[in-house]
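Letters A, B, C and D name the chains as they come in the text, with residue numbers starting at 1 for each one.
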Amino acid sequence: ADADAYFEAVIAADQKIEPRDAMPDAYRKTLIRQIAQHAHSEIIGMQPEGNWITRAPSLARKAILLAKVQDEAGHGLYLYAAAETLGVDRADLYAQLLSGRQKYSSIFNYPTVTWADVGAIGWLVDGAAIVNQVPLCRCSYGPYARAMIRVCKEESFHQRQGFQSLYVLARGTERQRAMAQDAVDRWWYPSLAMFGPPDSDSTHSAQSMAWKIKRYSNDELRQKFVDMTVQQAEVLGLTLPDPDLRWNAERGHYDYTQPDYDELMRVIKGDGPCNRQRMANRRDAVESGAWVAEAAAAYAAKRTAARQEAMA
Amino acid sequence: ADADAYFEAVIAADQKIEPRDAMPDAYRKTLIRQIAQHAHSEIIGMQPEGNWITRAPSLARKAILLAKVQDEAGHGLYLYAAAETLGVDRADLYAQLLSGRQKYSSIFNYPTVTWADVGAIGWLVDGAAIVNQVPLCRCSYGPYARAMIRVCKEESFHQRQGFQSLYVLARGTERQRAMAQDAVDRWWYPSLAMFGPPDSDSTHSAQSMAWKIKRYSNDELRQKFVDMTVQQAEVLGLTLPDPDLRWNAERGHYDYTQPDYDELMRVIKGDGPCNRQRMANRRDAVESGAWVAEAAAAYAAKRTAARQEAMA
Amino acid sequence: MNEDVGYLLGLADDALIASHRLSEWSSQAHDLEEDIALSNIALDLLGQARMLLTLAGEREGAGRDEDALAYLRDEREFRNVQLVELPRGDFAVTVVRMLFFSAYQAELYLRLEAESGERPDLAAIAAKSLKEVAYHLDHATRWTVRLGDGTAESHRRAQRAVDELWPYTHELFETEGDLRGAWLARVERVLAEATLTRPADDADRFRPTGGRSGVHTEHMGYLLAEMQHLHRSHPGAVW
Amino acid sequence: MNEDVGYLLGLADDALIASHRLSEWSSQAHDLEEDIALSNIALDLLGQARMLLTLAGEREGAGRDEDALAYLRDEREFRNVQLVELPRGDFAVTVVRMLFFSAYQAELYLRLEAESGERPDLAAIAAKSLKEVAYHLDHATRWTVRLGDGTAESHRRAQRAVDELWPYTHELFETEGDLRGAWLARVERVLAEATLTRPADDADRFRPTGGRSGVHTEHMGYLLAEMQHLHRSHPGAVW
C-alpha cells in the first residue's frame, strides 16, 4: 500500500518512475508492450528505406540514407535497453516479434515503390512519429522518457532530411515532381493511420493517459500532425490527396478525411502488402546468422575458460 | 582379328563406324573423351552468354540470345546421346564433368564483361568452333558425324547472328563501337587458343587423324580460322589485335601471332578467370535441384507400381 | 492513358516479366531437358510480350515501339500483376506460378480469341499464343503433379509454393472476374491430382493488389534495374 | 586517361564498391550491433570514395563530379580490384574480405600519408581515413578470430572464405608490390590467432586480375545495374 501510494504520488507530481521503484503490474506490462512495439518498429522500419540504399540516385543521398537506417537500428537499441530496465530480456522481446505476438508500426508494411518514397517516409512517417513521440519525452517512466529525448532529436533531423529530399524532387524535372506527388499520395493516409484507431475505438488510451504514459489522445495527435503537415505541403508545393482538407476557423484546425481504419485493422492483423515479407526478412536474418551468434558465444566461453585456468 | 580388319577397312574406305560395330578400345575411349568434352563445352558454354539474357539491350536481341543458349543445351543433348551410343551413361559423363575429371573448352572460362562480348563470342568463338567442327561432320564415327551436321548448321546460324550484332555495334555510337572493338581485343587470342596447342606439342592428334576422327591438325585449323576471320573483320570495320597480322603471298595465308599457350595451359588446368565460377554454378544447379530429380523419380515409381497393381 | 492501351500493357507486361523470371533459370535447372523447357516457355512469353507491346504502342500512337515500352518506362508505369514479378524462388515456386499464370492466360486468350469482332488485332495475338499457353499449362500441370505426389520434401515445397502464391492470384481476376470460375476448375483439378490442398479464399485476407495500377512489390525495382540498365545507359542507341 | 586520375579512381572505386557490398547487409546482419557496425564501415568507405572521386574529377579537369564518376561510368571504366566486387557472401566472407581489404588500405594510406610532399591532397584524404581504417581492421580482426576459433562450423566457413578470397588478394599488390610484406605480416598474425591456415601462394596459380584495367568479374555488371539504374533513368536530374 505504501508502494502504491508512492507510485500515485510520483505520477501526480509529474515526477519520473525509475526502474527500482515499485510500480503496478499493469503499468509495467503496458510500458513493456509499448516500448517493445516501438523498438520493433525501429527495427522493421529499417527495411522499407533500406530497400533504396544500393540504388540511391546520388552519393550524398546514399550517405544520408545509410546513416538514417543506421540511426534506426540505434533507436532500436536504446528502446530495447529501456524495456530491459523493466525486467524483460531483449532476446525474449525479439522472439515475440519474430513469433508475431508483439507488433510493430503498421506503416512499415507498405512498400517503398520509388525513390521518392524515401523522402515521403522521412517527411510524413517520421513527422507523424515525432508528433507521437514528443509527448513521450515527458512520459512518467524515466528510462523511456530519456530514450525518447534522444530518439526525437534524431527523428526531427531525419524529418528535415526527408522534407529537403522531397523539396528537391518537387522542384526538379517533371518526372521527379510526379514521383514526389505520387509518393505523397500513397503515404498520406497510412501516415494518418499511424496515430491508431479513433479515440472512440481506442482501448488502451484512458489508462495510459491516467498513468501519464500518454499525454494526448490519438485524435488530438492526428489533428496536430494534419495541421503541421498542411503548411509544410504548401512549402513543398505538393498536394495532400484529400479534397476535403480545409481550414475550419471555428475549430482552429484543419478538417480532413479520416484514413481507412478497416485497412489499418487488416494491416495490423498481418494482411498488409508487406507484413509477410518484413517478417520473413527478419526471420531469415536471425536464422541465417545463428551460426555467427553461436561462434561468438563459443569463442567467449573459450576465452573465459582460458582466463579461469590462468588464474587457477 | 576379323573385327580389327573390318574396322580398318571401314576407316580406309571412308565409311562410318556404327555403334554395334566392333572397334578398338582406344578408338572408343578417344571418342568418348572427345564427344563428352564437346558436350560439356556446350553446357558450360551456356553460362557466359546466358549472363546477358536478363540484360539484353533490346527485346529482339534478348529473344535471339535466349534461343541461342537454348540451342546450346540442345547440342549438349545430341552430343551426350552420341556418346551414349559408345556404351557410357550421360549421368556418368556428367559426374566426370562435375568432379573435374573431364574437361570442357577453356574459352568458356573467360568472363563476358560487356554486351559486345555476346557478339564477339558468336562471331569468333562460334566461328572457331565451326572451323573445328565442320571436318567432324565427316568423322569416322557415324553418330558423332551426324550430330555434328546438326550442330554445325545451328552454329553457323549463331555465328552469323554474332557477326550481325557486332556489325550493328561497329556502326553504332562511338561508345558502342568502342565496346565492340574492346570485345574483339579480349576474345581474339583466346579464340585462337581454342584450336589447342601447336602441332608440335599436340599429343592426341596423330592417332585421331589416322582414325579419321580428326581431319586436320590444330595449326591447319587455326590458320583456316585466321584467314577466314581477317576478311570478316574488314567487313565489320574492326581491328584484330595483332600488329603482325599480314598476308603472306608465298604461303597463301595470313601470318599471325600465336596465342599465349602458357595461358591456355593454366586455364585448362583450372586457373582461368572463371573456371571456379563455372563449375560452382554447375554443381549448384545439380545440388539445389536434386530434390526435383528425386521427386520425378519417386512419382514415376509410384505410377509404375500403380499400373502393375492394376494389371495384377 | 487510353484505357485500351493500359489493358494491352497489362497483358504485355505480364508476359514480359513472367518471361524474365523464367529466363533466370538459364543454366540453373536441375537437368538439361528442363533448362530447355523453361527457356522455351520464356521465349514464347517474350514473343507474346513483343506482339502485345507493339500493338499497345500502335494504339497509343505516340511512336513508342516495343523497346521504348520495355526499357524506358519507369516502375510505376508497368501494369503487370504482382504474381509474375515475385522472385524466381525454387523450382516448386516456378512450377506452381506457371500453373496459376498459364491457366489464367489460357482462359483469357480463349475469351479474347472469341471476341475477334471487337479487337481483331488482339484476338489474332491471342489465337497465335493459345497453342503456346496450352503447352506451358501442360508442362506446369505435369510438374505440379510430380512434385505434389513425389517425395515428402517435394510435396512440402509444392504446398508451400501454393500457399505463398495463392493470395497473389486474386489480382488476376480484378478486371477479369468472369474468368475465375473456369480458372478455379482447371487449377483445382491439378492440385487435387497433385495431392495438394487448395487454400481457402476467405481464410486468407491477404490479397495483394496494385500491379495493374503500377504499384508493385519491392522486388520489381531490382528486376527493372537489371533489365533496363544497359539500354538506358546508351540513350538513343540501336542494337 | 591521366595516370594519376586512373590511380585515384582505383582507390575510389575500391572504397565505393566495398561500401556497396557492405551496405547489402542492411537489415540482414545476425544482430543489431553488427548491423550498425557494418553500416558504419559502409558509410566510412562511402565517405572515402566521395573524397577520392571528387579529387579524381578535379585532377581530370573534365567537369565530372563524384556522381558523374560513380553513376555514369561504364563497367570497363571502373578500376577497383575484383576482391571488393565479389558477391556479398555469408558473414565469414564479409569479415575475411574486410580483413584483407582493410589491412591493405591501412598500409596504403600510411604510405600515402607519408608521401604528403608529392600528393598533398591525397595524403590529406589518407590521413583522414586512417582512423576509420584502423577501426575496420580491428573489427575484422576480432571477428576473424571469433569465427576461426569459435565453433566447428564457423571455423569451416571462415577457412573457406580465406581459401576462396586469397587468390584475389594478389591483385591488390600488382601496383603496390612493396606493401605486401607488411600486409602479409598483419594478416598472418590474425589468421594464426584465428587458428586459420594461410593458403600457400605457389600452391595456387589462380590469380585473378584485370580490375585495375577495368576487366571485372561477371558479378560487377549486376552491381552497377542496381547502383546506377535510377540515376541513369533521369538524365541530368538533380537529387
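Assume contacts are C-beta pairs under 8 Å (C-beta built on N, C-alpha and C of every residue); 3 or more make two chains touch, one makes a residue touch a chain.
All of these numbers come straight from a predicted model, not from anything done at the bench.
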Quick check: more C-beta contact pairs at B-D or at B-C?
B-C
Relative to chain A, chain with the most remote C-alpha centre
B
So, what's the distance in Å between the C-alpha centres of chain C and chain A?
37
As a quick test, compute the distance in whole Å between the mean CA positions of chain C and chain D.
40
For chain D, which residues are shared contacts with two or more other chains?
74, 225-226, 229-230
Check: chain B positions touching at least 2 other chains come out as 55, 175
Quick one: which chain pairs are touching?
A-C, A-D, B-C, B-D, C-D
Interface residues, chain B side, partner chain D - complex:
48, 51, 55, 111-114, 175, 179, 182, 186, 266, 269-271, 273-277
Write out the stretch or stretches of chain B touching chain C in their complex.
43, 46-47, 50, 53-63, 66-67, 69-70, 73-74, 76-77, 80, 115, 165, 168-169, 172-173, 175-176, 281-282, 284-286, 288-296, 298-299, 302
Using the touch rule from the top, collect the residues of chain D that touch chain A in their complex.
20, 23-24, 26-36, 39-40, 42-43, 46-47, 49-50, 53, 66-67, 70-71, 90-91, 145-147, 149-151, 153-154, 157, 226-227, 229-231, 234, 236-239
Applying the document's contact rule, which stretches of chain C touch chain D when the two form their complex?
74, 222, 224-226, 228-230, 232-233, 235
State the interface residues of chain C toward chain A in the complex, per the touch definition above.
74-76, 205-208, 210, 215-218, 221, 225
